Amino acid sequence: MRHLLNPLDLSMDELDNILNLANDIKENPTKYAHKCDGKRLATLFYEPSTRTRLSFESAMLNLGGTVIGFSSAENSSASKGESVADTIRVVSCYADICAMRHPKEGAPKVASMFSGIPVINAGDGGHQHPTQTLTDLFTIRTLKGHTDNMTIGLCGDLKFGRTVHSLIESLVRYENVKFVLISPPELRVPSYIRDEVLKGFEFKEVTNLDDVLPELDILYMTRVQKERFFNEEDYIRMKDCYILTKEKMDLAKDDMLVLHPLPRVNEISVEVDNDPRAAYFKQVQFGVYVRMALILTLLGLAPEKI
Amino acid sequence: MRHLLNPLDLSMDELDNILNLANDIKENPTKYAHKCDGKRLATLFYEPSTRTRLSFESAMLNLGGTVIGFSSAENSSASKGESVADTIRVVSCYADICAMRHPKEGAPKVASMFSGIPVINAGDGGHQHPTQTLTDLFTIRTLKGHTDNMTIGLCGDLKFGRTVHSLIESLVRYENVKFVLISPPELRVPSYIRDEVLKGFEFKEVTNLDDVLPELDILYMTRVQKERFFNEEDYIRMKDCYILTKEKMDLAKDDMLVLHPLPRVNEISVEVDNDPRAAYFKQVQFGVYVRMALILTLLGLAPEKI
Amino acid sequence: MRHLLNPLDLSMDELDNILNLANDIKENPTKYAHKCDGKRLATLFYEPSTRTRLSFESAMLNLGGTVIGFSSAENSSASKGESVADTIRVVSCYADICAMRHPKEGAPKVASMFSGIPVINAGDGGHQHPTQTLTDLFTIRTLKGHTDNMTIGLCGDLKFGRTVHSLIESLVRYENVKFVLISPPELRVPSYIRDEVLKGFEFKEVTNLDDVLPELDILYMTRVQKERFFNEEDYIRMKDCYILTKEKMDLAKDDMLVLHPLPRVNEISVEVDNDPRAAYFKQVQFGVYVRMALILTLLGLAPEKI
């Protein structure tokens, strides 16, 4: 039995297969409309995340399966002191696969050790959110045509943003990807990313988005939360740097893609939404295909060859 | 693409078609059991409303479709600061149609401007609740045989009750409907209803239900909330006026209908429930047929002619 | 129309039929995969209980039916002051059968009096939880091969544990069942159990689990909540008595079964989980079969003879 806890759990071949399958689903959705008839997904969300939960539920329903679950910890047995290990053993009696969101890092890993069904990590604290990473890779691949030979800018809160860390760890597996890390000094990537993950790869750290925009093929935006700053002054001085506007978009290449894991607050102006380079809502749609492909794969229902 | 934000968005022809379709569904439910196979409804409830949410979900499931959604704002991305505009763009990737309940007036309108799918207003603050109005009209039409030539009494809190305002605005479109507005002085209909909507129509405002009961063909009850009164004395003096009892029912015509949008607290005695003129629970059942007809219509799946 | 409010509502014949049907479902699940096509279960959970709610939902989905509902009172119309009687009349318009969990004893009984659909009590306060009892009986019958001629130990909080009271009331209906009641003095079974239900049956009350373990065929564990004790000292002195460990299991028969209604906190060490005598997770699976059998029976869809 396979789980997906970390995007790096997948070999490059497995990853390719999932992304190929996601593409086939995108092209031929009706072909997959009954692949999971009689199968059931449990969505175990110990903290709310509408977008991710509904994406998983849509994925399973698109495949003909059914869904059960809970959307916050108050509605779960956790409030009665039940361990994740016990909950997953119980849920294994009710469903064929589960997606777990948990505020504690490692909870899905613990679940996988006691589970009778495949466990998908749907986000564990600041740790991992592998289906977001697969979605990011699929979006880049689909809209750019390739995942190698490009310069990607990651902008905003690079210290606490788990999607950024996962994406970097995954992109170093491809050929000739250059990284431009754009953040306030307080919110630089953690040292293990800089010193280990990116060791030997081409990257630079900058504080100003405008300066580097012209060289980017992809701009991956994330939110800069006010409460992450050390002081109010710094926040006021820097916050506009990290808001993507129409004017800033004029500095970018004609085929640069803008990605964002969402939800967005104000770090991308709504006026950018209609720019053909804005890809963050397409990303949402692609996330459903990726989750469909993943569910089929972990249930052993993916075709051998696509 | 059509939305339903306000009952008056519908022309009289469109309204008739929906009510005719609701009637055909009522008569032949199995005929419609698979009309929405493969379609999905999203219920986006930013404030809880079990009755309305479950009515929409039942409607979609009765049609063979599937449902995703959330039942309160805490479980939604709104708590992370996401705008309604962004949420609806995301949900457009997951579902084919949505029903939105929101405490802020106009939120479903905003959603409709950014949506890729039809939006049904399932109640926005004190503003509109169009599927309740369609249900009220369908109930009157079905149980009375017509929606014109009648005297309707609206009783209780006529100031804040959005269902009352919508119903008045809709009923003035039919021939020869007389209105009797029964409320404490503090809770009279707003002046725009009195001076604009009802201008040129036959209506009167009274404070005593008993006096007018004998002339009514329909009695539409609503709740009088204690906190709406200016002072405790007024409340104590008046509250019993607006409680429908068995004794009061003795004053009414043999074929008068009692409607109520529910939930009821104590404004209709439970002893009235078994009176054949009590139609408020039939109204609930009819609400499902109306929502089925609406979903089919907005998805473009309604038959041309019924 | 039948409801299930109390396990004793069922005659021994009816109970046998349900357990026989549960067994046939266990052996031939696919035979039942479409028995409830077009039917709908409403899960009305006025207090959260993930395990029970998901078990009911799984049961209905396994039968091909659909599910609507709410998972806590805040998301229900109860917060607007609606009575249980009104809610069930409304839900009767949306679903074909319902499972109700309510913190107030007797609420499902009230619901059944006004309901247009069968009501299953899914736990009402400290009162009854009949599907847990049916599950316990089915687990014993399936794993032991019989429900008579045995010695059952019930251990922990015997005063407030409703599952314990129900199970005793049900087991006295079988031949030659001996009861060993193991609890701190403060948490003995209520006097009506001792003086009425168990009158004329063989039973003893003890405070020490170790002493009686060797004679048990079944050990039914429940949690001893700290707040139930009169004082901290008593709690500290006694709590370890009621924690089932690997060492304690060495004292038990080779074919003794350990049951637990779950959720467990620490009253069974996790090291016991892998003991072949630990049956509490099998119990969860069996609970789904029992609920499937019950739904079919109350909907009138059970086969005459299995």
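Each chain carries a letter (A, B and C) given by its place in the written order, and its residues are counted from 1.
FYI, a residue touches a chain if its C-beta (ideal position, glycine included) is under 8 Å from a C-beta of that chain, and two chains touch if they have at least 3 such contacts.
Because the structure is a prediction, the values reported are computed rather than measured.
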Report summary line: Under the touch definition above, the chains in contact with both chain A and chain C are B
Query - Superposition of chain A upon chain B: rotation angle, C-alpha, nearest 5 degrees - result: 120
Query - Euclidean distance of C-alpha centroids - chain B vs chain C, Å - result: 41
Query raised in the report: Residues of chain A touching 2+ other chains?
Result: none
Report summary line: Counting only contacts in the complex, chain A reaches chain B at residues 33, 48-51, 54-55, 57-58, 61, 67, 71-72, 262-265, 270, 281, 284-285, 287-288
Report summary line: In the complex, the residues of chain B that touch chain A are 38, 40, 42, 66, 68-70, 74-77, 79-82, 85-87, 89-91, 93-95
